[in-house]
Every structure is written in structure tokens, then in C-alpha cells.
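One structure is given below, represented as C-alpha cells, and several questions about it will come after.
By letter and in written order, the chains are A, B, C, D and E; residue numbering begins at 1 in each of them.
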Amino acid sequence: MSRIGVFVCHCGENISRTVDVERVARAAEKISGVAYACDYKYMCSDPGQNLLKKAVSEHNLDGIVVAACSPRMHEKTFRKAADAAGLNPYLVEMANIREHCSWVHEDKEEATAKATEIVTMLVERVKMNRKLQPITVPVTKRALIIGGGIAGIQAALDIADCGHQVVLVERDPSIGGHMAQLSETFPTLDCSQCIMTPKMVDAANHPNITLHTYSEVENVEGYIGNFQVTIRKKARSVDMDKCTGCGVCMAKCPQKKIPNAFDKNLGMRSAIYVPFPQAVPNTPVIDRENCTWFKSGKCGVCQKVCGPGAVDFTQEDQLIVESIGAIVVATGFELYSINEKPKGSAIKGYGEFGHGKIPDVIDGMTFERLASASGPTGGKIVRPSDGKEPKQIVFVQCVGSRAREKGISYCSKICCMYTAKHTMLYHHKVHDGQAYVFFMDARTPGKGYDEFWRRSIEEEQAVYIRGAVSRLYEKGDKIVVMGSDISLGIQVEIEADMVVLATAVQPRTGAELLAQKLGISYDGYNFYSEAHAKLRPVECATAGVYLAGACQGPKDIPDTVSQASAAAAKVMTLFSKDKLEREPIVAKVREAGCVACFYCKKVCPYGAVEEKEIRDRQGNLIKVVAYVNPGVCGGCGTCQATCPSKSVELDGYTDEQIIAQIEAL
Amino acid sequence: MPTKNLLNYSYYPGCSLHASGKEYDESTKELFKSLRIGLKEVPDWICCGATPAHNVDELLSLSLCAKNLELSEQVEGDLAVACAACFSRLKTAQHKLEESDEKRKQVAYALDAELAIDKPVKHLLEILAKDYGLERLGEAVKNPLAGLKVACYYGCLLTRPADVPQLDCAEAPTIMERVITAAGAEAVSWSHRLECCGANFTLSRPGVVINLSGQILESARRAGADCIMVACPLCHANLDIRQKEIEEAGDTIYNLPVLYMTQLLALATGAAPSKLGFDSMIVSPLPLLKEKNLL
Amino acid sequence: MQKFITEQNFNTLIDRLIGAGKRVVAPKLNAGTVLYEPLSGSGEMVLDQLPRRSGKEAFFPLCEDIVSYEKEGQKVKLTDIDPALFPETLLVAVRPCDTAAIPVLDAVFSWDYKDQFFLERRNKTTIIGLACTSSDDACFCTAVGISPDDRRGSDLFMTQLEGGGYLCETHSEKGEALLTAHAELFTEPNSQKAKPLAKPEVEKVDLQKVKAWLDNNFEDPAWDSIATRCVGCGACAFVCPACHCFDIVDEGTEKSGKRRKNWDACGFWKFTHHASGHNPRDGQPKRYRNRIMHKFKYYDDKFGQTLCTGCGRCIRLCPVGIDIAEIVGDISRKN
Amino acid sequence: MHPEKQKHDFEPKIIAFVCTWCTYAGADLAGTSRMQYPSNVRVLKFPCTGRIDPVFILKAFQQGADGVLVSGCHPGDCHYIAGNFHARRRFATFRKLLEFVGVDLQRLQFSWVSAAEGGKWVEMVTDLTERVRGMGPMVEFKELAMEEQWSGAINTEELKEAYEAI
Amino acid sequence: MTMIDTTSYTLISEAIKTEAKRILTDGTVTAVVGYAAARRKGSVQPIVITTPEDADKLLFSKGAVNNLAVYLTKAKKEIPKTGRIGIVVKGCDLKALVGLMGESQLKRENLYLIGIPCSGVLGSIIQPDTELTEDTIAPKCLECDVHMPTGCDFIPQGAPITPELEKKYAAEIARLEALTPAERWSYWKEQFSKCIKCYACRQVCPFCFCEQCLCDRNKPQMVESTPRPAGNFAWHVIRAMHLAGRCAGCAECERVCPMDIPLNLLNRKMAKELKELYDHEAGLEINEKGPLSMFNEKDDQSFIK
């Protein structure tokens, strides 16, 4: 027979005011299997805990019920105490007679009776509790960072500086991401490239960082501490070891009229190219779609002029497999386009703004390239259509964002600030120009942000018009902006030379495909979901995968860098031990009963269930069964409720424990 | 008796088409006759409630439309609607009633009948461009409107709000342009195709109308249009009847005929011009049509 | 003793006994199925069909409590079931294939260990047998040496007469006591002829030959082909008048509960499943072999009797058409 | 002074199966906010509604519950991503089965109660308790538990008394 | 009374024999699961043959009631496990095989399906030599929508006779649904009270393939194993729940019940509900996930407060 100890707490008067704690303790003594019961003023105090520890040895207890507050409050306290007394901590249960009883009832008789029943239920439960040991999983101390923008670079540098190996994968030929495209940054107006490129170089030169540019994650297997990641290194057609980055190939390439996406197609590049002069690595890549050699088999000029003989037309995509312990996803964002969207798409374009067909209606990133000193115009702000300097410029905020009718209801967070920055840059470069901004509200929380915004109005002469724009249309070489000024209650029309739309921040196209490979969840817009909006904002629900930057939601640079460092800290925490230890509330398969229907696998939200073969000593297959990877299992127990033969069982919440509790009714 | 018609519709003309927009009704009938599309008017139809009812009493506005839809069940074929305002009201009512059980119950109570509101409601444009088809329409053209530069004016109701009428893209539609080019005319590209003409204020605040409709006329002229084509009797009233006032206020002369889409198409398909009501327009289109050798 | 009773008087007898508080169990329609169940009136009796289960239930219940427990603190309190509380029972209209099994069961329950539960219930039960006047092609009592008017096991035996009413014949003190106690309902037997008996058209099986083959062919490959089709349910055992295996289970909660005796069946995989996980009878052929061995060899070895009375219930109700008459017939024809 | 508490002839037994992250925490909140509700409910904590097996509901009724409440996180709030979505389907199906075998579904309540909804927890418990009180005891399962197969029945007075006591 | 013509079964039987002989001879399969005649007139029992010589034992008749799919599931260990196995299937049996493939119990490539153009088979506990009529036919055949199985490897020539007959399950479900909960309770209580826990329903069920049924376990005891009314009730309710979304209606449980409990009614009711709730029908296609192992965020939750 069990030897259970029941400890009833008065909680000062919090419990004893409405529950006759002594009677509860006396009643507990009569429950079968109870060997000791007592009550005490403050069970969680040191003397209270000592009472419990003493009773464990004196009465040789094999289970404990503490009838006190919610387990959410003190379960850990009492489990620790039991552990100290030599009793497995998982043989301790809390009977919640405070939050669920004394505080919510007034009648002492009723509350006492209820408290007694609660205690009985927990006594029956604890009899069925098993000793559990924390689970340990080996950890490979190498991190994978997906995305080489500022988020990925920051996370990579932090982890690498801590002495761990990092594999950084970037889809484009160069790392740098969006930050490399920006001109100046708010709220300090320092040059983006000036602060970004040193970090890029640091990342490339760091002995602990392996850089895979022009590469993509192909497949992810495994679980926290033990991922196997397949990376596709796309054929660059240039041998990275041989190339010296001299740039002769680019200069001699006859195909020079290819719009450069890095410059938002404002500038041109050759078929063999680096996206921008400060690219890291500074090794060109051949754009096979536009290369004459790949199109017609003729040309080959770049190969001929390359001194070290680095150009290699025969290169093929390469698949490499890396063992990884933790993954930071930092895939960033892209900007919404106002172009027509496919029929049936939840997200709509802007026909009223000309569906992107008016050449001098541009988005914020295009303006960044125009304003950038290293951009296609050398920092001169001109109209894409005719190269004239715009004298009247209109900025429109919240294009796509906060527009439920267009399919996006969220705020893109960065536009208010960068638009304010744009008005300043414009004013600095076009002294006789006038900037107008149509806005809903100015959202400027952040250090120095509101001051910055006010500066754009008060010192840089931007005219802010509170209201929406209903239509943009061309009139001669002007663009008529029809809008409303709701402060004055009037219609406004401005004949502008150029219009800059602050379009919404969206996840990368195909973000959901990467999420599916990683087994992480994403929201209706395809932003990746954090495990908890407030308390676990950088972790995914899938253990071992962390988020950094705008792939999780719109973010500015400081926030992105903070989150990247936070993700790095999480990774470093994981890497701080050789083995990962976690609560043993995980599911286990009873292999004898398992018939491999894999209902558990079908419902597991974590992908923790694997197929396992059981073989005899000769190696003959006896049967296939389910196996729950304890490193991955989240402990929800959906598998057990679904298993027809109850051959998978969640430790800590076994059928035995639950049935015993129900039967105590 | 077997019908000779290629398609058949029930027809809701709406109040305007029996009054100030008579030419729209007449030309519609002529056009459909020449295309062999049957139109049978819904018996006993009532006002759709446009434009003020929905601002004042939602239940009334929904009930009026629900009643009309119920009445339309007596006649076979999808419901053809000419007036953009009627079209908008009927579509909006269907949309709102579909979405809300509560409203459906209220309207059923108000009408004291089971709701019968599922009949597809189609604007004439939709019938011509989709059901009948542009190719067939092109084939039916006997008198191509060659050389006529037309500014297609949608007004604010025909395509909006985005998910309700589903006639075409709400903000950048092309259906009118596609229809009129099928008849041989040239559609000009202009800015004010979807701007409001001020119809709601036509009696209460004519100043607003003069401003808004003035911009529309201005934009059409700037684009080099010979005339404006409309699909709504209210727009027509503002642009045609008030054109003189607008000219006076702006100290300019537009002399831009405002024609119903059906007038132009009927003309192209060979209907007798005398039956199309050209002579009852305030800004006479006859000189223009003669100049272009279309009469 | 031989007496005659009209159908009406027979019904009066039944109703009178029910009225006196006696449990009268007879074939009765329960939700569409004819079963032996306690009657609330003679009108409920269904005498023209063989009930789905045998009458053995009256003294070998489907399930019965044997002890109950209550726990408090570190103590456990046990309460035995008092056999004195078993009700006096009259089991009516039992066919010879069922009654013939009763003396067979008596043997095993009163062997070196006297099963109080069985014997007490058995003692408190008076059995009225009824001769068979209809049969089907699953019946094979005559093949195993039992006739449709076999008196074995009956305290009182009734034969239906052509002109109505029954000829009653006592075969024990219990039978005589019943007849005497209600003598006014009976008259002297007349010369009426009995309704013709329904003799199944089956060949008599030489049970000694069957046993002889079973004695030597435990490992015969034929078992596989006989019973591969068996799906391992307990239908055959549960409808059988002679099967008598039971399982003891403890059911209840931590606070209180009961130890119960439930019917068991050798067809179940659980029947021989060891706590270790090992199962010596690891497939249906071995389990079904046990069924045949037990009925035609082991029981004979021990008690000199056969555990099959040819009622045919298992043939009719086997989900996969296993036919014990065919199997035993086949064995008897082997040399 | 609190108003005199009304005494009832019948106090139903209510059992609540709740997930630990939302509803259990919601019930804790009701406690820390000192809200008041009937004392009839007994709470069983699960990690997630996804862990709740329909057998438990059946078992609760068999063990004498007059009403059962199953409550977890709102859709989209599941701590385990999707456990409550699986639970939703499972219980949508199971309640149909119970209804078909004659269980009055008024005795079985499902709800989403978040950690912030102490008030909703009180409302759920109070509503179910009052409703079940109005319906009277769940005699069906209790009768069934008392019933014996005829052949094993014995003539005990206790049995009869217990039966009549339902 | 409508008689159902089963003369085509003679030719079908011949075709089965020929095909079985062929596939056993050429090594396509290692065994064939089919039907063979038994002692009583008209009675049929399942048989597993492994040699071409035994193929002559095979037949198909109105007595071929069994769903042979049960012999291919793991819980029934007596069938050879190696190589491809031939099996004779009616449309209803095929639905079970389709379900089993979805539940990773069988692989299509390991099966050789001999489909039967089936006009119907006899109902439960009926003398095997009875004529097939609308009264004696199995109730499941009245609702059959797969007289002609599809996707088989071999189907004998023959057009099934499919007269329109009254659908008994649908009518009975509707009758029960119209009752009050108390009336339904007493109906099922009476039915379940007859149960003797012989587990024939479970043992013939192709979907009860668990090696150890949760009702056979005693730690914890989820369900009382004693055949008392309470335990019986729980057993049948849990079984119906476990079959929900999986059972395609072969009705074997109901056919074999020695106590005539209308078990298929529960299964049909659950099938109906899952069709209404999630538009799911079992057995039509091989689905990796059943309705209760997947979800849609927009699933109905009108029953949840």
C-alpha cells in the first residue's frame, strides 16, 4: 500500500478563513494509502518545507500532496523540497484549495467538503505518479542562420564571438540584405552602408562563420540540438577560391543592359555581376538567364579575360549537409507592390494608384536607392521617367498597411519613420522642393523617434496632410494626387512631380515553404509565429528554432538587431551545456501495444513522432512502431487521446493518473 | 412557341429609366432587340431605394431590394439592371443579407414572406461583355463607330465597393472600354473615370455637383474625348443637364455630348437613330455623330 | 412419477411460483432475442425456439461478485458474498442438449475443490426439461450420444402432446416435490401420443475414435487448416451449454470495489496471456485446438465425459462459419 | 454581510476537465480576483484539451458526475499549437454519439476560457451548475452502474436500498 | 417481396477459381483469401489457400457474408506475411481495405484484389440455404453504393442486380433521432444489456486491429470488463467512437453479434455525423489522415461557449 503524506496549508488566513484545514487533514488520514497528514500555517515557508522534508524520512513517504495554492504558484517550491528530502520531485502534487476553493466560496462547510474532495482526488492521482527523470538530449554546438541581412549577420556574429560554429545561408549572391540598400537610417541619419559593410566583412572573415551565399535551405531533418540541414549551393559559375574580385569580367561582359534588382531596376548591370560594389563576398555570379553563353553557347568573354581562370560554365548546384544544433530564421521582408494581384488573392492591388504603371510613382525602397550616394544616380533625386528633379513630391503612407479592404490589416511599423527621413533627405538634396505627406497617424514610439518626426515638419518643411489619397493620375508630366485633408474637411489635389508610396512590409514570397521545411508555424500573412507573443517572442513553438527580424513581423533596424541578439542569446543558452535538459513531461510509446497506425504522428503538432523498426537479433524486421523523440515532444498529449490502443502515454498525465482522479469523485 | 432569342433576362429598369433617363430604357430595348436578347420587365417593380434610403433606414433599403428580387422571380432569366444605382443597391442588399442571419430575419419579418433573393443580378455591361460575349457583339456591329473617341465614365457606384458588384476591378476597370471598342470606337485614357459626379447632392448642394462634374468634363476634354459614355442615368443627368451651368461657372465651353452606352451600341448594331432618343439630350450629340458619319 | 398438465395449468403453475417470490427463469424475448431470463409472468414464455444462450447461467452466471473490499487509511476491509443470498430458482423449458450438460458441469465443480458458488446455486435450482420437436441442420445432439428427449439433468421432464398439454415425468426429489406441492394442477397421464421428436439427421460420431486420434495428434498440421479462419472471439464458448471457464477480475476504485467471476473463453488471446508478455497459445489454431481437446479429450481423461451436447449454437453463431460437428466428424473418420 | 445562501435539495456533482495553460489559469484568476461561484465543481488539470480522451467524459458520468465541463484555450491560443483544434473535432463527434445513445447534452458543456477570463470561468461553472441542478441528478448512469446481469444477482437488501436511493 | 437474382454468382465462382489458380501458379501471390463451402447446405466459410490445387475450393455465393479484410490486419496473425496476397472482396469489403491502407496497415502493392460484382449477401443468423430476398438480404446491402468495386486487379464478368430497396439504417437512425434522450437511452440500455462481452464485434472488425485493445487492459481499467450493463454500455460507446470516421459500413459487427445488438446503427450514425460535420466519407479513397486526425481552423464550434 502507498504511503502518501498530505500537507494542508492555512496560507495565513487565506485558506483557513473559509476552509477548516484541520478537518481536511483529519479526513485525509482516512483516505486509503495515506500514511501521514498535517496542517501548517505557511507550508511554503522554510519551517513548512522542513516539516515536509522531515515527514518524508520519518514516515517513509512515497508520495506527497500539498493542499495549498495553485500549482502554478508553488509546485516547483515543493518539488524542490521533496527532491532535497530524497523523494523524486514528480511524486509531489498540489491540491489547489486556495484559488479554486477558499477564495471563491464563502460557506465554510461547503468549502471544507470541497477541499477534502480535492485532496482525495490528488491523493489518488499521486499514487499513480511515477518517478521521472529530466530528459537529456545531446547538443551539436553549431548554429544555422537563414538569411544574411542585418538580423542574420548580427545573430551570426554574436554566436560566433561566443566561440560556437555558425553556418550562415544567404539566398542572394551577397549578404547585406535590405540594410545594404538603404541610404541613411533614422533617427540619426547615419549612412546605412557605412555601418553595415563593416559588419558584413566581419561576418565573412570570422573564423567561426561559414558563409554560404547564393544558397538556399533545401531540407531540414532532426530536432533541437540535432538537426541535419541540406543546403543547396546554387551554381555561381565562378570559382570562389580562384576569383580575386578584380571585376574585369564585369567590365568586359557584353550584356550590360540588365536591370539591377538591387537598385530597384533603376540601374543596369552585366550578366556576370556583383549586385553592388561593396558586396560580400566580392565574387561575381553569372546570371544564366541573361548570359549569352548560357543562352546561345557563344561569347565566353568573361572566361577569356579572367586571369585566375575562375569562370566555370560547367558548375552545377551542389547539395551539402550540415549538422546543426539550433536554427535562427532571419529571412526578412519584402515590400508590397500595388500591381494587380491574381484573381481570388486575399491581398489586393491599388487600381486607383494606377496598378504600378505610372513611372514616377515609386516605393520607399526605390527612393532609398535614389537617395543613396552609392545608388544608380549617385544620390541625386530624379524622376525615373525623365531624369528631372522633382520639385513637388508627395509621400503617401499606409499603402497596403492598415487597409483591411486591401487584405492587410496590420501596421508596417517602419513607414512613418522612414517617410519622415525621406522628407529630410529630399529637403537636403532639393532645396527648392516641397514635400507633402498624406498620413493617417504618425506612429513614432522609440528613442528619438518623435523628435525626428517633428524635425521633418518643423525644420525640414514637410507638409503633413492628415488624410487618405483616393486617386493618382497622370496629367501631362505631372501626377495629380487627389486626397482629403480630414483636419480641414476639404478635398485636396496636388500636382506632383513624383509620388513615393510607403508600401506595406510583407514576408518574403515563399516564406511558408521554408516554414514547412522547418516545421514552424506562420500566421495568415505568412509571418512566422513566435511561441508566445509576449514571453517567448524569439522562440518558435518548434524547439531549437528561433526568429530574428522582419520575418516574424515588421521591424525597424534597432528592433531587428535586438531580436537577433536575443535569438543568439537563446542559441548560446542552448549551447552552454553539452546536453539539453528538459521537463520529463513527454510522451512515450509502449511498443508492445503499438500497431503502427501512426495516428499519433498525424496529430502531433511538433512532428515529434517517428517510425521505428523493431528487429530481432538476426536483424529480421519484427514490426514497425511509433517512436516519440523526447527532444522534440512538446508534451500536449494529443497523441495519447488519439491512440486507439493507448499505446502512447504522456508522462505526468497518464491514463492511470487521470482515471484514478476521476474515480476519486 | 420557341423563342428566337439567344438569351433571356428579366428586366428591372428602375424609376429613372421611366423618367429622366427614358433614352436609356429605349436604347436598351432597341439594342437588345437587335442582339436577339430577350428582356421581360419585372411586373409591379418598386423603387430600389437609391440613393437616400440606405443612409436613413437600412431595413427599409434592404427590404425594398428584397421585395424587388422576390418580384423578379416571376420572370425567367437573370435580372438585368441598367441603372448603376439600382444595380448597386440590389447587389449590396444581396451581399448584406447573405452575410447576416439577423438581417435576413428582420427583412423576412418586414416583408412577411420567405426571402427569395438569390436571383443573379447583372448589369447590362456584364450581360454584353460576359454572357453575350465581346466577340459576338463585334460580329453584330453593322455600323462601326470608327473615329469616335469615347471617354468611358463609370461613376463611383458601378464597380464599388470592391467585393460587392464584382463587375470588374473596382479601381481600374476596363469593361466599358472593352465593350465600346468592340463596337469600333476608340476609348480614350483619362483620369476621372471613377470619380463621383456628385449625384447625391444634385438637388441639395448643386455647387458640389458643379465642382465634381466639372472636373470630370475637364478631364475628358483634356484626354481628347469627343463624347462621354455613361451607364447610369444619374451621372447622365449631372453631366448632360448641368453642363451648361458648369460651363458658365468655369467660363469655358465643353460641348461634350453625354451618351448612354446603349445608345452608342444600338447605333452601332444598326438600330434606327430616331428610336434612340438623341434629340432629347441637352447637349445634342447629333452634330458630332453627323461629323463622324455615323448617322 | 408421471402426470399430465394442460398448457393453462402449466401457466398457472408458473404464475403462482412467481407470485410466491420464486425466480422463474424461462426462454423469453429480450429486445428481439430469445434468452433464458427471469419471467414476470407466464405470458412471456417463448417455447418454440432454442434460446441463444444455454440455461447454465442459472447456476453459472455470466458474472457474479465473490468478494467486496473497502479501503480506509492503511486498512482494507473485505466482505464475502453470502451464498445464502442466492435466490431459489425454477429453470423452465430447458432443452435436452442444455440439461444433458448439467451433470457434466457438476463433475468439474464438485471435484476435489467444491465450488460453493456453483453448487449452492445449483442446489437452489429446479430444472424442468422439455423435449425437442423441431431442429435445424446445425443440431447434432444425436451425433454425440444425446437424444431430443434426453432426461439427463432434468428434475422434471416435459413432453409436448399432440392434443396439447404436457406429459410430466419426475427424475429427482426436487421434481417430485414440485409436482406434489402443486398436485391439484396435474392429472393422471392419458393415452395421448407425444409430438414427434426432432431427431437431427446426422451420423453418430464414435467419440472413442475421436479421443483416440486426439490422444496422439496434438501437433497435427490439420489444426492450422481447421482454425486459421478463427478470429478469436468468445461467441462459441459463451453460447455453449458445457463451457465453464471463468476469469476472476478485481473491479472498482481505490476506495472500494469487487472481485468478480466472469465467463472466459479459450478463444481469447488473453486467456493464456502471461504477465511477462509471453503467450504459450500464440495463435488461433492453438486456441481452437484447446477447445476441441478440452471437449473431447481432456474432460474425458479426467471425468469420463464429453463436453459437447450437440446443441449447434456455436455452429449457428460462429462469425466465420466454424462447424464443430464437421470437425469432429472429420476426426472420427481419420484412422 | 452576505445575503443568506439559498439551500438546495440537490447539489449536482460537476467535473471540469481543463487545460493547464488557459482555463486552469483562468480559474486561478477567478480565485485571485475573489469571484464567487458554486462549490460543486471539481477540476481536473490536463496539459491541453488535446489530451482529453472521450473515455474520461464517459468515466466521469459513470463515477457519478451530473454535469461535465470541458474547457481549454481559444482557437489559435493553444500552448501546443493545435491541440485544441484536434480536441474540437473529437468532441464535436463524441457529443453526437452521446446524444445518440441518449445522454442529454445539456449536461455536457464545452467552452474556451482563456487565462484572462476569470469572469467567464465563473459564468461557465455557474451556468452549468444551475442548469444541471434544474435537471436533477444524472440517474441514467447511476442506475446502470447498479444494475446486475440477472444471473449474478443476489437478494440483498442493501442493493435494493442503494437502488432506491438514487 | 422482391427476390434478388444471384444466378450470376455461379459464373463469378468459376472466374474466381480460374484467376486464383492462375495467380497462385505464376507466383503473383503466395496465398488467396476467399470463400469456400462448409458442411451445412448453402453455408460458406472463409478459407486461405496457398496452392493452385486448392483453388477449386473457392466460390462466391449469397452466403459469402464475411469481410475477409479482417484476415489481413495485424491482429490476426495466422495469414502468411510474406509476398503478395490475393483476396476476394465485395465493394463493402474493399472500403475497409482502402481504410486500412490509409492507416498504414496494408500496402496496395502487397495485395491482389479480386473484386466481386455483388448483388448482395444474406443477413445475420439466417439459415444459410435461404433464398436471397429483400427480407433476408443483409441490411447493409440495402444501402450499398459499391455493388461494383473499382480499382481491383481482377473483376469477374457480371452485372450486379441492384433493385431499389428501402434503406433500413437511414430509417432507423431517423426514428431514433426523433425520440427523446430518455427514450433513446432506454433503447440502447436494453440492447447493450444483452451484451455478453464475447467481443465477436471487435474480432471481426477490420479496424479493430489493435494488438491489445484498450478494453483488455486493466492498468488503468478504462472500461469495466465484466459483462454488466454499465461496462457493456461503455464498451460499445467507446468502440463506436474509435470507429468514427473509419468504419465504412461492412456491418460485420452487427452480423456476428450473437445477441443481435444493432451495432452498425451506431457506426452509421457516426458516419452520417462526420459527413455533415466535415464532409468525410470513409473508404472512398486512401487518405493519409482521417477526419479525427486533422482539423481545419474554421471547423464548426457552435457547440463551444
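Everything below uses one rule, namely that contacts are C-beta pairs under 8 Å (C-beta built on N, C-alpha and C of every residue); 3 or more make two chains touch, one makes a residue touch a chain.
All values reported here derive from a predicted model rather than from experimental measurement.
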(request) Supply the minimal count of touching-chain steps required to go from chain A to chain C. (result) 1
(message) Along the graph of touching chains, what's the shortest path length in steps from chain D to chain E?
(response) 1
(message) Suppose each chain is reduced to the average of its Cα coordinates; what separation in Å results between chain B and chain C?
(response) 90
(message) Averaging over Cα atoms per chain, report the distance between chain A and chain D in Å.
(response) 38
(request) Round to the nearest whole Å and give the separation of the Cα centres of chain B and chain D. (result) 61
(request) Measure off the straight-line distance from the CA centroid of chain A to the CA centroid of chain E, and report it in whole Å. (result) 49
(message) Where in chain B do residues touch two or more of the other chains?
(response) none
(message) Quick check: what residues of chain D touch more than one other chain, meaning two or more?
(response) 54, 59, 63, 82, 86, 90, 148-149, 152
(request) Note the residues in chain E that touch 2 or more other chains, in rising order. (result) 193, 214, 221-222, 227-228, 292-294
(request) Check the chains against each other and report every pair that touches. (result) A-B, A-C, A-D, A-E, C-D, C-E, D-E
(request) Would you pull the chain D residues touching chain C in the complex into a rising list? (result) 63, 148-156
(message) Can you tell me which positions in chain A touch chain E when the two form their complex?
(response) 128, 592-599, 602-603, 623, 642, 644-647, 654-656, 659-660
(message) Per the contact definition, I'd like the list of chain D residues that touch chain E in the complex.
(response) 54-55, 58-59, 62, 75-76, 82, 85-86, 88-105, 109-112, 124, 140-141, 144-145, 147-149, 152
(request) Name, in rising order, each residue of chain E that touches chain D in their complex. (result) 176-177, 181-189, 193, 214, 222-223, 227-230, 233-234, 237-238, 240-241, 244-245, 266, 269-270, 273-274, 277-278, 291-297, 299-301, 303-305
(message) Could you list, by residue number, the parts of chain A that touch chain C in their complex?
(response) 1, 29-35, 124, 127, 592, 660, 663-664
